[in-house]
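Both complexes shown next keep subunit A, but they swap its partner, so subunit B is in the first and subunit C is in the second.
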Partner chain A sequence: MSRKPVSACRLTAGQTHKLARCGYETVGDLEYVTVAELSKELEIGEEEAAQILRQIKDDSSSGVESSTVFSGLRREEQLHSLSTLTRDFDELLGGGIEPRKLTEFCGAPGAGKTQLAMQLSVNCQLPHAFGGLAGQVVYIDTEGSFMADRFKEIAEHTRSELQPRASRRRKKQAALPSVEEMLEGVHVFRVHNYIEQIAVLNALPAFQIDHPQVKLVVIDSIAFHFRADFHDMGLRTRLLNGAAQQLLSLATQHNIVVLITNQMTTTIKDGTATLIPALGETWAHACTTRVVLAFDGDTRSASLFKSPSLPEGSIHYSVTAGGVRSVRGAAGPSSQTPSSSSTSSTAATAAAAATTAKRRHEHS
Partner chain B sequence: MALRALLGDDVHPATKAAFSKAGLTDLTEILCRSVPEIVAQTGLKASQVADVVCRLSLHAAPKPSTAAHLLTTATHDPISWGDAGLDRVGPIRTGHLIDLCGESSAGKTQLALQLCLAVQQPPECGGISARAVFINTEARFPMSRWHQLAKHCAQRYPSLASIAVSDNVFTNRINTADEFWMFVHEALPSLLSSSGVRLVVIDSIAALFRADFALDESAARAHVLFDIGRQLKQLAHAHKTAIVCINQVSAHVPEEVLPSFAPSRVIPALGLAWSSCINARYFVRRITSREASVQAACDVERQLSCALAPHLPEERASFFVDNDGCHSMEQAGIT
Partner chain C sequence: MRLVPDLVPALTSSVLDALKRANLFTVNQFLFCGDAQVVADTELPITTVVLLREQLLQLDAYRIQVRSARSSLAREEKHSVSTGVHTIDDLLGGRGLPAGKITQLFGRSSTGKTQVCLTAAASAACEGHQVVIFDSNSSYAAERLRDIIEHKADASHQAVDVKSACERIRVVAVRDPWQLIDGLHHLLSMLSPPSSSLSSSLSSSQPPLLPSPAALHHSASSTSTLIVIDSIGNTFSPYISSTANGHALLASVGDILRRIMQTTHAACLVTNYLVHSGAHPDGKPALGSAWERTPFINIKVARADPSSLLTTLEVLPACPSRIEAQVGVGFSAQVGLGPTGVVDLST
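And now, the complex of A and B:
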């Protein structure tokens, strides 16, 4: 909703005055007002009322719509995806997690949702050269699973794995943030009930103004409070849709990556029990991309279930002391190029990774 | 708190009046409605409504803290299992809801009793110098076993020599799920805020919910479990307390729902609903008696493993139980 003052629109002084007298001060005030209501309230003809509303609509939207090709191009350039630093994962997601969209990771307890969320909170703070977004993180913790010391551990490991590449570059923009900086760069909201959860989402735009460096919003998990003692399913659907709308508008306005984790629930279909993501059908439409994490024998697997642009597929990954890692041999993130530049030459990087691994082996 | 007081003097009295006139006097009522809805109900302007909603949200939202700040607060203090070898699996943490599950006579209660001792140790010895509550739902509190442990504990934990360990453990008995619901919503909050308790053991959560609900009431059970899980988590966080719920196991179900680390053919009881509520899960398993090579004192080998936790990779440690508690094989020098 626009807080642009009515006086900034191209209206006559008389019209502005009449509007002000009736309490219409911002463009947003007129959002839900019909022509008939306005003409009655301002005591003017319907034609003039319609003209006022049209003028305000034009003026308020032109600020958003008009952009030159150059600025559009620059914006595109700035739209980096957030890399998972795990090649398989990035390939599955088409080069990382896209900004301006809602990405959901679902999984049974212990599948690695929180680990992935913490790893991505580290990655987000890395410079663009390493697949990060050089930005800070808002972490909405509904389950009490965010562990600062585990986050520190992941940050330390990730940093030391990337350090060799960072020192090779010597470029200023490739300098890795220190672990202390990364710890300072995560803002954790510990949420205890669904009212607090709604309140945090309402308050996020204001927080974003104070902290424009925020480039990733994590909600771990969206489901928890909406499953506990929630009997009014209609209200639940409405609140969740509202939350999705708010997150989406925040994401598109500020080019933010939004990461949502979700729990799983059991459903009985044709007499057999199967696991499906919680929160039902309506919520399933709210997310742009949905990835299901699961246990597949001894390893963990991630499957892409819903995406507007990518084929369905699945990959394996593991959670180590250092965080979320690839299971493909010794090729850690240090021997990978960030996904944004490597998706076209997968075979080449794979071969390079193999030789690095071999060389390492010979050294030791 | 009254809405008027929440909004303060910056909001025009007429706006506040319009809200009360429309019956919107409660924070929950307002935050559950969309702005256009409230506009329709109150007849106020959208910007006025948005302003009120924004103010209320800022008031109701928890304050953020950075990860760096969280590191300095004692939100997630570790509590030792009372044995260095067992701690390799990962100590439990305050602020967490922990599930300790295993078959009957696997050693769950023994580990929990040992936690009640270990939590009383000072931080330099792995404890947090706090008291414990032990809730029984199945049998009576194992008094004679506790006395045995308390008698030996000064030798094993020198830091407890000057502490009257039995005075620091409260016990309570709860018979039904309803009683338990009342307990976690009423008695437990006041107990935690006044008595220096930072460890709560519930032995066992499964007994309450497996008995009180019929098979076809699983949806109702899931609701109650979610509510209790949420309440326990909130208490754990607010009072920096570790809440350990002892859980039973069920026979195998075909789906590979849980980590492969779960011992084969049994899965934790209470299903996915409860698993979604907990922060960490430890498995205790009884491994069949070893051959003659093992000393008489440790004829039964048991194993503690971490099945899920946000803070540690999966690990396992073998242990045995004797007169003075649970000992890891590693610490006892048995391989």
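And now, the complex of A and C:
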């Protein structure tokens, strides 16, 4: 007999109270009770009695997703990571951005968060052979920083850089989507305050069912509406951590990549100011993986700060007219080279992406 | 437990009706009332009431459990689960995570709490224990667990079958308190002796959390179960407020965990985040008073800086009045973080 207390079921306080008054303390107590009996005993309508019994049954049978490591391995083999199309970046992330997890990119304004998010929105729509997910994108824009013309520019560049490789492969599944298709494949939600932001997140599961081709959800940025003029820190923690759990459940149900950007904030410790990711300590626990983006002299750097599976590390990258690209060798003026020279490197990286994806954890 | 027909022979339908008229619905309510009170309220003969009380007290759930100190000590020693890291086992008194107790790791983000859990889970599976991980953050990649299991198997003196070790670890995705409570109740029904597994009619559609109760009971004498909850803070933080019922649900989790520990040989490892307050400038485990007395041992996990591969574990008393001689309260030790999880610094 299930000893699960009735108070741990999703019932209203009033219903729990009425059940307790009549001695129904555990789910097992209700196992053989009929609607009519319950309605009579609790002095409630049959409809409510039926609803209580249904809720308790649903609660117990909805089940929890569980898998052994053995079956998990088989599932992980079939999943594709989303490539950044930048070899160093992919290596830092163990082959790309993994689905079924929350990955957070933090950085000061101008560090490249939105550029990276837009580049990944392009990459997501590429076929698996190019490190993409062959899927569409939900882009939740809280700061108004998503620029359609910039997105188009990145899509055009990326497409033309990959075209030589694509035409060599005659297979259908390696065909690149057109720029028009890529523009069509990004569903942008512009949200103006935190209420809208929470509302969009609540609506996502339904949107996902209508648009099963969505493989990437971007929130750029999670912090914006929760920093200025937000005074109730307890409420902020509850809303944000609740949102994180909602996103995780979406990600695991549909094998989606979830990408969150976050701002940086200044903290004073021992008299010196340091930049740390915004939203505090509780939020820091919410994401599975955390990457901090920064300016480092002439180039930009990305550092893996938190990951349950990968060692911490840092790499350099650059943002060119074509989007997010590798830096050859160490930092230097060559990092700003326009797309002409990075063409070959991107194409090579795309080819490598598919193989590096399988080389996760081979760090020493 | 509710008073239902045929619970015990003395509980005939006429007796049951009389009790219900007097607002006595549960065994607890009945036992709480004195015989004289029940007779006055129900007008039942005193002999019936006394007989009913005697029979109810013979029920499994109400029989008083007596266990000698020696047998509890022996049970604890026999069923402790090693963390797979000598330094941490020593910190916990030599044998690792004590059976029947909750050990809590708390600390800032990215200090190595999950790494300790991964290592303990892999090591326990290699030693033949069953492991159930309640994962709130999608942090338990099968590939990572397999890598650590392979490493532990290589280092072990005994032959370890990696495949069956991989099958002994179950990862349960937990997104809210209700899922955690359901998962724990399901685990309890799987771990309890078969006589009480009536509940399977309600939960038969679920994938089993553990291979099968029979398999477990066969091996129950020599192995234990390790329960990992990573992290209790993430699961509950959205529900802790004056209006949400997070505190009540949290108490429910503590209750079910204690029941699991009482009925089975399980050890439990929980992670939590750290909060600062005026009274605790160095930080204390989150979730407040509804949770603070549930863990038996608190270990603070701290890391000097993100570039360091060392992390420090410090044992704190679970609460000020409860200082355990066998646990090194106030002691701390350093361990390393790496591709094979948490490692002793000497190796």
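Following the convention adopted for this analysis, the second predicted complex is superposed on the first by the 250 of 364 C-alpha atoms of A that agree within 3 Å, B and C clash if a C-alpha of one lies under 4 Å from a C-alpha of the other, contacts with A are read in each partner's own complex, and residues count from 1 in each chain.
Please note the rule applied: a residue touches a chain if its C-beta (ideal position, glycine included) is under 8 Å from a C-beta of that chain, and two chains touch if they have at least 3 such contacts.
All of these numbers come straight from a predicted model, not from anything done at the bench.
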First (subunit B), second (subunit C), both or neither touched by A:28: both
Subunit B versus subunit C as contact partner of A:281, first or second or both or neither: second
Which of subunit B and subunit C A:5 touches, first, second, both or neither: second
First (subunit B), second (subunit C), both or neither touched by A:290: second
Partner chain(s) touched by A:242 [first = subunit B, second = subunit C, both, neither]: both
Which of subunit B and subunit C A:196 touches, first, second, both or neither: first
Contacts of A:316 with subunit B and subunit C, given as first, second, both or neither: neither
Partner chain(s) touched by A:254 [first = subunit B, second = subunit C, both, neither]: neither
Touching both subunit C and subunit B, counted on subunit A across the two superposed complexes: 1, 3, 23-26, 28-29, 31, 235, 238-239, 242
Contact footprint of subunit B on subunit A as seen in their complex: 1, 3, 23-26, 28-29, 31-32, 108-110, 114-115, 118, 138-139, 143-152, 180, 182-193, 195-196, 198-200, 202-203, 206-207, 223-225, 227-229, 231, 235, 238-239, 242, 263-266, 273-275, 295-298, 319-321
Contact footprint of subunit C on subunit A as seen in their complex: 1-5, 7-10, 13, 22-29, 31, 57, 59-73, 75-76, 98, 100-102, 234-235, 237-239, 241-242, 244-246, 248-249, 251-252, 281-282, 284-288, 290, 303, 305-306, 308-309, 311-312, 360-361, 363-364
Contact set on subunit B toward subunit A in their complex: 27-28, 31-32, 34-36, 39-40, 45-48, 50, 53-54, 56-68, 70-71, 75-76, 93, 95-97, 223, 226-227, 229-230, 233-234, 236-238, 253, 255-260, 271-273, 275-279, 281, 307-308, 310-313
Interface residues, subunit C side, partner subunit A - complex: 1-3, 25-26, 29, 108-110, 114-115, 118, 125, 136-147, 149, 163, 166-179, 181-183, 185-186, 188-189, 196, 198-199, 201-203, 205-207, 209, 231, 233-235, 237-241, 244-245, 248-249, 252, 255-256, 259, 273-275, 286, 306-307, 338-339
